[in-house]
Amino acid sequence: MAKLETYKPIQARVAPKDPIKIKSDTLRKLLKDKRAVVCILFLVIVALIGILAPLLAPFDPEEQFYESILQGPSKEHLLGTDAIGRDVLSRLVYGVRVTLTVSMLAVAITFFLGTFIGLLSAYVGGWLDNVLMRIMDILLALPSIILALAIVAILGPSLTNAMIAVGVASIPGFARLIRGAALSIKSSGFVEASRSIGSSHSWILRRQFLPNVAGVLLVYTTLFIGVAILDTAALSFIGLGAQPPTPEWGTMLSEGKNYMYDAWWLATFPGIAITIVVFSVNFLGDALRDIFDPKSTR
Amino acid sequence: MQEPDTLDVHKTSMSIASVITNHLGGTLLTVNADTNEIESNLAESYQVSEDGKTITLKIRQGVTLSDGTPLTAKVYKDTFDRILNPETGATVAASLIGGIQETSAPDEQTFIIELAAPSAPLLRNLTSRGYLQPLSMAAIEKHGADYGRNPVGAGPFIFKEWVTGQSITLERNDDYNWPHASAKNQGKAYPDQIVYKFIQDQQTMLAALDSGSIDVAMEVPPKDVQRYRDNPDYYVIEAERQGLGLFLEMNLENETLSDLNVRKAINMAINKDAIIKAVINGEGTPAYGPIPSAVFGYDPNVESYGHKLNKDEAISLLEQSGYTKNSNGIMEKDGSELTFELSIMTQHNQAAQMVQAMLKDVGIDVNIQSLEAGTLIEKVSQGEFQLSFLAYSYIDPDILYLLFHSSQIGGLNHVRAQNSELDGLLEKGRTTIDPEERKQVYAQVQEIVVENAYWAPIYAEKVFFVVNKRVQDVKLMNVNLDYQDSWVKQ
Amino acid sequence: MKHFIINRVLSGILVIFGISVFSFLLIHFIPGDPVKIMLGINASPEQVEKLNHHLGLDKPLLVQYWQYITNAFQGDFGTSLKTGRPVLIEILDRFPETVKLAIFGLFVAVVIGVSLGIVAAKFKDSFIDKMCTAFATLGISIPSFWLGILLVLVFSVKLAWFPIANGTGFRDLILPAFTLGVVASTMIMRLTRNGMVEVLSNDYIRTARAKGLDDGLILFRHALRNVLIPVVTVIGLQLAALLGGTVIIEQVFNWPGLGTLAIGAIMSRDFPLIQGIVLFMGVMYVTINILVDVLYSIIDPRVEMGTKEA
Amino acid sequence: MSNLLVVNGLTTQFESKNGPLTVVDGVDFTLKKGEVLGLVGESGCGKSVTSLSILQLLDKYGKISSGEVLYENTNLVNKTEKEMKKIRGKEISMIFQDPMNSLNPVLTIGKQIGEVIEKHEKVKGAKLKQKVVDLLNLGGIPRADEIFHEYPHRLSGGMKQRVMIAMAIACNPTMLIADEPTTALDVTIQAQILDLLRSLKDELDMSILLITHDLGVVAEMCDRVVVMYAGQVVETTDTRTLLRNPRHPYTEGLIQATPHQSKGKSRLKSIVGQVPTPDQYSPGCRFADRCPKAMDICQSNVPPLFEIDGQTSCRCWLYEMKEEVI
């Protein structure tokens, strides 16, 4: 039904034919790849901005200047002020903290639960695989906006609940991807080989599965960070995300929408911020995938 | 503007449905725009009995509904019976004529209403357009459950088409010649057709207005009105909203809020002018009492004894109650900080954040919880809240009964006011027919509400409509637009 | 073939049943009483009580669910609490608009995606290839609602090329479909590119060239059909997503699709309508997935129905 | 017999990070009408690239830098791509080594053969279908009308190669280039395919350029042989002379390394070392460092192609006294 447009097609973006393995010389390759370096640098800078927000932000993000409401970019307010006279630049800077923490934690939920379900269902297979996959089907069929709305409505609107909603809504997609990758490892012979020599299940999972899936995990996790940021913004856009006065980019964008005609800067700057950060995360994800994917077409 | 749920005026719970059905039907009585007095309309004349319990109305001759049924007293009797009949599950219409025990139509022209007790608001309610219009029982049987999408009435326009999710179209009723007295054009309405388009988002509505795909924009947000006042191609129609634009409710069952000093301090901390300027672009007036000047019974000297902005006195009041400012600037008493949860609807985000900052100045810490409409209404009616923003609109002071009468806890009496003297006055207000006397009663009601600071009223606002100059002479008939005299410059 | 479809349909029904149970419980946990919302703030407690009974909302959950399922089998999905009209009619009134937007959006996505994919593959590792991939990553990174707002601002307000909120005709369809298309095309573009690069390096393309066939014929008859296989899955996935009606795009463009209906239903806690919409989405999602698998075997003869990993 | 194809000084280069690599270096040979010419050498010596250069089927990194390819006395090298398209599959057609992947998996056999005829001979509908079925029968494929509708993945390797052959002879070309047609097949199928090729050659009066590394196949099929090493032709002679009296040490090495029942149980000798890559060529004879009979001169300068007798020529300083063949 109403789909958050972003995450579902991720399955199609990465069609792992062979298991992506973490190579020992990964770091060297990563540093060699120009794109990855640029993205990592940019993200580090963004993270720094977030951490040093109190120093960098010219004003307190929640301070209201009643006499300078809805002013365009000017000397003292570089990116202008919003509808109750708060400095847009300061809110964007503090917004980094909110956006990064929320997306990181949301992806953590997706990562842990998704990987667990994906690996379990691929490794055990049989009826468990079937049951788990049918549940995933149900969650996938349920329009993700309804799933997110329901979670937020039950737990009450707050940033943490929005984060949980976003995290949970991405689990089915993530789990299916991991299951796909794990299945291709399982069928590639050496798992049967090691089981035939009597190695224990936990050993196989730790030594065989995880290193091989690790590459895939890293790639998808990076891609899903972008998705988490967009989905949190989407939730805020329909008023169920961060609570006022938290300076969350999605809320700022949706507030900006109401001033589309007279205060263009309110929607533009958060929009650009989201796009750039998500772009760099996705670009990094692509670079990682090309590094780990032995049959990279590059 | 939202899509209505149904056009069956007895069953709808959305005001937009009454706005549209206004054009389809007429009212028994009407309110004179200037004198605010009640005048005859579809009822030529009306008499109220000595004890105020019986109202006799003479129905005007020569009026027919759009499906051909002639308008008679019997039509009104059947309509009112349908409202009172619990099977219909009538909504707003039922609350408007709650007091009626029984109606009768001895002959073609006389329609008699019997009341359990004299009800002052009833007469005014009979002027409310839309909800109490005469309906054709034949049409209701014919369409059955689908009547909501094929309404019939005795108004200047006839229902033509409803494209789900998009628009409702009304076309002119050519044999209409019984408009209200004050209309210049006494014949059929000039416009051939009215199309109501459903546009959820206000900015998109304004974009549609600018691009010419709509001529009239309803409920235009105050911040955008100035733009159209300066634009020669448009003209703005404004009216006082019959109700408070924004007020802060305080839950008396909350232990800290039960202390009058705290409630007064909150009232005095709020800078109403700053909020009016920021939130509604200055298009409103500060409110000191529970009802705005536009509603009958408003007592002007509320503005004198109402609580004014006075930070120092607010702080001293809190100190009187034993609070002292702690290290991080928040008032504290026996170790617990003075903090409240402010539950609001998302559209009040902006005002909430301003109030939050203002209360912080006097040492009251506020966390905002922005909920969507459904959840908020549920929480406030159950009393699961401390502070909450709300707005209301109602044509008669009797709304105060629903808001403050102790019997209404669980309904609109969110603050859980239980004041016997207030209850008595509210009941008296309902049954006093004589307007002057009724004003006295409501003056006392307002005084008690303000004294006890059950609320912190913030502002009364105006309702704005913007019309493209292409369409001339769009008039305002008690808060709703009337197109009887409107014509289009070709 | 038959055996495969039957077991897919069975598992599909299981999923739909799961959806109905899951969404029924989910909805009832959401706080907010539909009647109170419906009657608005002027409602007195007695009226709320009367209406609750009238609509049968005061019965225990299980009874309500059982009643719902038995009616559903006879095609009666209950009536919307808000408008009193049968849920099925409410949905079918809105569904054509969503289909129009979905199909047109997908069309834009496929046209942009496939063409850019082929161009990028043809000029592999060239500047053009890098540009196309960057565009694809950008397309996935832009918040689609912001893109929508920008397009409205530029094309409808400033340039007035496209009307705003004046129905769902062809000219109104262009901007929303383009917004959907741009975001969706990035997936298709990436897959087509990678698929095309791989296919072009295959021996049978060299055989086709050895037969002296024209480049166009080789590209479309030989190469594209092989690339279609992975691309079809993503198109299927996206069609299911788009048919779900994208809430946000519909709100930005004031499009009367299922997305807006769903949001309205949730806001007013119209349980039967929410239930109906979710079920409708589930059925559509399952059918499209089965269709994609069938299409899969038509395009790729090597796929014997049933052996392909679902 | 008149010459069908004359290759003079053909040089093909591939772009690479550190400058162009010459994979085919000044190759000359001629293919006479009705003749089967073997092109022999270890894998990596440039024989496949030579065949692809003739039809200009190189990928976008390779190009013919010099030399000419005279086919019925027109030079193919300076023909436009459009003109080449008329020749490929019509005048000269080609079959490849790995049949498993040479047929498009998503198109039926009938379609893939039919499209050649459609392109070159504008035949359509039922007539086309009949022609394809005849070709399948000609190719020795049973149940031709069923196979017509069948998809490649349902056929065995040998069957697919037969389809490839049917496809190649669809417009009865005057010349067929077969790039290691039987290498990927098992021995029994190999013999059948070679018989098929031989019978088709006679029936359609078609000459064949047969690329292989297997001297057994050469012995069975070829009239004359060209031996290539490291991008150069090192020996050209008729098959009988080659097997009985190989001149070039590399050719000797090849023969000793090929199992044959005449050799009984004697151990096979393999040529020491590997084929050098283009950037490792020695200035002199490229086989020098692997040649048991290498002399000083071999290290320093490149031996020309010496004409030994009317039939044979050899690029080796051992035969220096014979006068040179430019």
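We call the chains A, B, C and D, going by the order they appear; numbering starts again at 1 in every chain.
By definition in this document, a residue touches a chain if its C-beta (ideal position, glycine included) is under 8 Å from a C-beta of that chain, and two chains touch if they have at least 3 such contacts.
Fair warning: this is a prediction, and the values are worked out from it, not measured in the lab.
Asks: I need the common contact partners of chain B and chain D, sorted by label.
Replies: Of all the chains present, those in contact with both chain B and chain D are C.
Asks: Can you give the shortest number of steps from chain A to chain D, where adjacent chains in the path must touch?
Replies: Contact-graph shortest path, chain A to chain D, evaluates to 2.
Asks: Comparing chain centres built from Cα atoms against the global Cα centre, which chain wins on proximity?
Replies: The chain sitting closest to the overall C-alpha centre is C.
Asks: Count the C-beta contact pairs for A-C and for B-C, then tell me which is higher.
Replies: Of A-C and B-C, more C-beta pairs in contact link A-C.
Asks: Would you identify the chain whose Cα-based centre sits farthest away from the centre of chain B?
Replies: D
Asks: Whole-Å distance, chain A centre to chain C centre, using C-alpha means?
Replies: Taking the mean C-alpha position of each chain, the two centres sit 21 Å apart.
Asks: If you average the CA atoms of chain B and of chain C, how many Å lie between those two points?
Replies: Computed value for the inter-centroid distance: 40 Å.
Asks: Which whole number of Å gives the spacing of the CA centres of chain C and chain D?
Replies: 54
Asks: Can you give the whole-Å distance between the Cα centres of chain A and chain B?
Replies: 45
Asks: Can you list the chain B residues in contact with two or more other chains?
Replies: Answer for chain B, listing residues that touch two or more other chains: 201, 207, 372, 375.
Asks: Mark out which residues of chain C touch at least two other chains, giving numbers and ranges.
Replies: Within chain C, the residues that touch at least two other chains are 30-32, 152, 157, 251-252.
Asks: Listing for chain D: what residues touch at least two other chains?
Replies: In chain D, no residue touches two or more other chains.
Asks: Go ahead and list every pair of chains that touch.
Replies: A-B, A-C, B-C, C-D
Asks: Help me check something: in the complex, which residues belonging to chain D touch chain C?
Replies: It comes out as residues 55, 57, 84-90, 93-94, 96, 98, 101-107, 115-116, 119-120, 151, 153, 164, 167.
Asks: For chain C, which residues are in contact with chain B within the complex?
Replies: Against chain B, chain C makes touches at 30-34, 36-45, 47-48, 50-51, 54, 82-85, 90, 93-94, 97, 152, 156-157, 160, 163-168, 251-254, 256-257, 260-261, 267-269.
Asks: Which residues, counting only chain A, touch chain C once they are in their complex?
Replies: 1-3, 5-6, 8-9, 11-13, 15, 133-135, 137-138, 140-143, 145-146, 149-150, 153-154, 183, 226, 230, 233-234, 237-238, 250, 253, 257, 260-261, 264, 267, 271, 274-276, 278-279, 281-283, 286, 297-298
Asks: What residues on chain A touch chain B, complex-wise?
Replies: It is residues 62, 64, 66, 69, 83-85, 153, 156-158, 239-240, 243-245, 255, 257-262 of chain A that touch chain B.
Asks: For chain B, which residues are in contact with chain A within the complex?
Replies: Its residues touching chain A are 201-203, 206-207, 221, 223-224, 227, 274, 277-279, 346, 349-350, 352-354, 356-357, 367-372, 375.
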